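Here come two complexes built around subunit A, the first alongside subunit B, the second alongside subunit C.
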Partner chain A sequence: MHTVDAPRDAVIIGGNRIPFARAHKAYAGASTQDMLTSALNGLVARFALQGEQLGAVAGGAVLKHPKNFNLVRESLLGTPLDPRTPAHDVQMACATGMEAIGSLADKIRLGRIDSAVGGGVDSISDAPLVVSDALRGILMEANRAKTAGQRLKALARIRPGHLAPQAPGVDEPRTGMSMGEHMAVTAHQWGITRTEQDELALASHQNLAAAWDRGFFDDLVTPFRRVAKDDNLRPDSTLEKLATLSPVFGRDLGEEATMTAANSTALTDGAATVLLGSEEFAESRDLPQLATFVDHELAATDFVDGAEGLLMAPTRAAARMLTRHGLTFDDFEYVEIHEAFASTVLAQMKAWEDAEYCREHLGLDGALGRIDRSRLNVDGSSLAAGHPFAATGGRIVASLAKRLHGKPGKLGFISVCAAGGQGITAILEGR
Partner chain B sequence: MIQRSPQSRPAAQPRPTDTYTALVNTELGRRIGRALGLPRPAPLRRHTPGAALADGPVLVLGETSGAEDIAQLLLRWGLDVRRHIGDEERLSGVVACFDAVSAPGDLQETVLRLADVQRQIAPSGRVITVLRDPQDARDPSVRAARRAVEGLTRSLGREMRAGATANGVVLQESLDAAAPGVAGVLRFLLSGRSAFVSGQFLSVDSVNGTLPEDWDRPLAGQVAVVTGAARGIGAAIARTLRRDGAQVIAVDVPAAGEALAAVANEVGGTALQLDITAEDAGDRILEHAEQRHGRLDVVIHNAGITRDKLLAHMDASRWSSVIAVNLEAQLRINRRLLASELFSHAPRIVSLASTSGIAGNRGQTNYAASKAGVMGMVAASAPELESRHGTINAVAPGFIETEMTAKMPMVAREVARRLNSLSQGGLPEDVAETVAFLASPAAGGTSGMTLRVCGQNLIGA
Partner chain C sequence: MSETFSPAPVVADLRRIEMPSLAGLYARAAADAAGRAVRGSGEVGALPDQALAARSAGATTATTEAYRRLVGGEAFDGVHRWSLPSALVHVLGFPVQVALMADRRFPLPLMGLVHLSNAVEHRRPIGVEQPLQIRARAENLREHRRGVQVDIVTEVLREQADPAAPAEQDVLWTGTSTYLARGLRLPDEPAAGSSEESGRRDGDAVALPPRTASWRFGADAGRSWAAVSGDCNPIHLSALTAKALGMPSAIAHGMHAAAKMLEGREPQEAGHRWRITFEAPIRLPAQVAVAAEDLGAGRTRITGWDARRRRRHFHGELQLPEHD
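Take a look at the complex of A and B:
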């Protein structure tokens, strides 16, 4: 499937990620740079890219210290890749990985580059802490002081309260509400039930466990720091156990609160990478061609005044993308919807089935369509694997590409929502 | 125009393998060691690319057609070949040819000439005896004479000093000593590649095998799979095969993936995370080799596990896991490989056995069973490999300095180290060198055998 005007295909050759680990556990001592470097090293080893000068490496981290301004480039320099490979950082919240990969695919399709690695990394355990604005003001003033006296005078204003570090904000700056609270509002609006969410979470764990058991990740994951498997995975969970958990978001809804720690993603550390190239690049190096990265679409919602859901931007992106290609959900063999929360997946799917929403918000004549649940997140998703923000795009693209390999012409759909009311959807085609 | 000898670099400087060996080779250590009668392990000459095959003259003894062929061969390699030697000269090697003996009395003349020069053999020098296969002789006198050469060679190995070794080359009854396989074996034994091989016999049974254009890159253009490549001996094999020119597919279990990736990146190869006990392991190896390289020439079955327990305490999982990984996986993968067109052009299989499999080891009934099984598998598979001009052999390491042996109790480790003719443990590289040789095109005449890399260990001798 060629997109209009695309001179050539961008091919997904393969991927590599490190196992995702729950925050403050196995990777507590590792930096984001350590993790991304390790993921890149595994990719280089899988595809014999030692000494290779790639067209570009792009990725990012959502939680990033300013000292890591060149995170991807610095990580690359710790690998056997040719140091003349350029790299740049991307930042689009949880859609960072998708945006990095999508943009690189565009460059390959346009013939600007022949090969690329896209991905991302995040670590709650290595999150940068910042000082309070008040303390920062005093320190900057001291820095500007011309005499020792002026400097002392500035520093003398420091009070114990100034010294408390601030963790990076998880609340939406414009609403002051956390992502979970936003989602709770949306879930309530769409009437998403607790049971539906728990069932989706359980399926995620079961599908991911089955994929691990049959060796699906043998050529997608390389261990890191003695962790060989996603450690958030709970293969033996049951609906009964999930039902015992108390809601953690939307608690002001009282009895109608539905979102628990099990049907919301856990904070996780991890890194993921995807190798892309032109057909010629893959052929000349005898590399596999798992799938074509056909297209991707960015969208945003008007969430600040509550007119639209914070995590509903993929509904807009999908409408535009599918219309452009003349496709419906029935045309997709596999559907990957990032499980920020179980209710995110369910709300997006309900929205696409809702003629009124599709007319009013997506500009369509009627409902976009229903997604066959047997095609959804068939190898598990973020509820089970975890969600190191910027790494999720790479995880999904590599897994879906492997799923589609050997099924030429079959299509896969991806939806990833992001903070700030943004989102990305994408289409892959099997080879 | 002056032509320089291709072997213009001196032989590599020997390096000690352990602290004791380093100490006893200092001036003070030498004096103390001699006074106390302690073992004196010598730093061994090991192979490095470009190193000379031999620094000094090589003496060829015996008035046989084999001796003539071998002398010609060594001359073509640019060696200083002698049929006689002065009293003062240091010898890099002696090739003593007994390939025409038909009665025990036939040995004496050559043996006494060897005796005359034994003290002139340089540190890390080589004695190589050449004989016909005793099994091929029906006449009791002929077979007795041939077996006598074996006993001579083994005892000579025990008498060697300063890192020198003695090994034998066993020729099949009608094989011409000019066969490529004989050249391959001789070169291996003369070189630093065989540093930790002593008291052993390498058979050459067929005219198969081809000699490389560049002896430093005998595996140029070839594709080799190494299982258990993430660490230890497997990682050393991957490095050595790469040095010899091969493209390496490094295989290990997914859980060892991080170390495996580091090895693959070091050798510029690919990492293939794979549980070799999986039913489809052979298919996945073939698929990977086909896709990435379009060929597969060499498979090294190095992956192995130990689950030591006295038999009285043995349980089903300890027994079955060792048999499954060390033996059944190899059998299954070999069946799959040998059914494939990809692995049909003079293929090479080398399996890791163990001296435990030869001599037995307390607490290792499961491990020794699996490793003895490997030797049986190798011997029985040789005819099938032969049908495609391929070979299959096993290498049985003795005491090797690895992470595993480093964890042994100190006294046990010291004893184990010294219990061989070279009075020291081998290095993973020593095993890797032998594996790489058996994997090379020049080793095409050698198949179905188990070669020990043990410094002529007393155990299982």
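Take a look at the complex of A and C:
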């Protein structure tokens, strides 16, 4: 595939992640740096990168304490990689991992670097707490004070209410609505039913369980803190059980509310990494070449007043990316759509099938096309595995690359939505 | 939203006053409540044919920043954002409105007035710390299903304008605030009919658009808006002070909701018009579901409601200038 000119291919060599664990459980007490370091260590061990000076390591965390401004660099320094390997942090909400990996692939394609690691980490259990704006204002004023008297005067304004710590916001800053509430509106507008969401959630658990059972993750995951497997996985769930759950988002829709804790992604902790390189880099070290990272596309929607859905940006990215390559969904062997919510996946697919939406919002002549459900999230996705925000891109890229390995020329599609009305899509090609 | 600007009327009886303090006016209104002419018969006298005018130093940088801390939005950097939000202009004129309503000759009692609606024509931009004149007059005293309503027309004029007969270009901002005095009657008037504003119970069972935002009003929202606006009406400040005036709990200032409705939507060069109609009060603390609907041709409708009870708190509309 060389529809977009590039001096050379960026090859996905492999990946490593730690099992994803439900928030405040197995990984409580582990920091994001601990988790990312562990995931990097596993990658270094798997591909014998000890002492290797890589071109770049990039990644990030959505929930990040200011003291971790150099999270990736600090994590790298805790691994056997050559300390002269540069690293930088990336931040694009839930698309952080995809953006880190995609940008590194671009650098490899341009010949600026020969090798790279991209990925991400997140921990709800280690989320940074901050003081209120009011207290911060007083403390800053006290800090600027020139005399003890001025300082005391500032500090005397502190009230008990100022002292409550604030958890990181889960609401979109410009709308005050949580991501789930936004998705509930979009799901309702697209007429996504409760049953199809529950079916998608169930398939995610069944597919992930099957992948674990046949050892698919044996060379993709390294245990962490005695957790060897994604602990959000519920292989024994049934549609009947899922149907008993009460809606948690869009409850003001009454009887028409469809989004439950089971068809929405659970809060989880975890880290994921992907090793990329030029063909020469892989060949010279006798490393596998699972797939080519062909292209990726960023997009955003006009969501603030509801003109477009918060999590529908991948519909725009896909339209541009597929048009650029002259591809349709029929050309893809596998499709990975990040399951922020079951309804996110279903709404994106419905949108691509909708000629009017594709004309009005995506600038196409007609519908982008239908996705064959048997090719969708075949090894499970975020509903089953969990979704430690910035780690999801690395999980998907590594798993899809492995799926495509041994199928030269076969294509895989990735869609990841993100807060702020953003999203990324990508194309991988098997080798 | 189809009304067009009519020239500011020449006022025969204009009284110039110093910019009053709202706290003082409210205190006096509470004390005066006992001596009102309307007590006894419950019938309301005529509006005084008098306008008040006062000079205003404008909105200080500190007030503007306090407004932004509370309402949100982009910084007043003096380059890309320099024009006062309409709701803050209303705040500048509000003491003159209240002075008019607190006057002994004003036929309705200030304490307990219900703010029904606001319609604003923001004709020209007003800068931070721009000195102004404010003129206010009462008109259109009429029946309402639940009592008597009146319009207070507030005009924000250029510093050098003649407040008795301002030139067209001197009128920067015009706002019509409609207030209700409950339980009163006009003499020789039949009971109000079924016009739109006196019809069904406020905010009940209406068709609601898809939600686009959620607004949180904390228990201290009334005190916070009071700190920015100076409107220390006790019904907004705390549950205790609100109960003293017969409200079940403190309620959000209507203009606080209007400010949030307009935030990020007003053009710096002004020339826009908007209106808001208040329905079920926002009892603090509250979470308000909000929908913005693009009606085309520069019109946006914004609706706020209580998602649990499905009762509407307000609905409003903004008309941008270039589409007129």
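The rule is short, and it goes like this: the second predicted complex is superposed on the first by the 430 of 431 C-alpha atoms of A that agree within 3 Å, B and C clash if a C-alpha of one lies under 4 Å from a C-alpha of the other, contacts with A are read in each partner's own complex, and residues count from 1 in each chain.
One rule holds for everything that comes next: a contact is a pair of C-beta atoms (placed from the backbone, for glycine too) under 8 Å apart; a residue touches a chain by one contact, two chains touch by 3 or more.
Source: prediction; values computed, not measured.
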Combined model on subunit A where subunit B meets subunit C, clash or fit: fit
Partner contacting more residues of subunit A (subunit B vs subunit C): B
Touching partner for A:171 - first (subunit B), second (subunit C), both, neither: second
First (subunit B), second (subunit C), both or neither touched by A:372: neither
For subunit A as apex, the angle formed with subunit B and subunit C - C-alpha centres, to the nearest 10 degrees: 150
Touched partner set for A:44, first subunit B, second subunit C, both or neither: first
Subunit B versus subunit C as contact partner of A:224, first or second or both or neither: first
First (subunit B), second (subunit C), both or neither touched by A:283: neither
Minimum C-alpha separation between subunit B and subunit C after superposing on chain A, in Å: 45
Subunit B-touching residues of subunit A, taken from the complex the two chains share: 38, 41-42, 44-48, 50-51, 79-80, 215, 217-219, 221-225, 228, 286-288
Footprint of subunit A on subunit B - complex, ascending: 250, 254-258, 260-262, 264-265, 268-275, 278, 291-294
Contact footprint of subunit A on subunit C as seen in their complex: 69, 210-216, 264, 289, 291-292, 294, 300, 307-308, 310
Contact footprint of subunit C on subunit A as seen in their complex: 133, 171, 174-177, 181, 185, 188-189, 252, 304-307
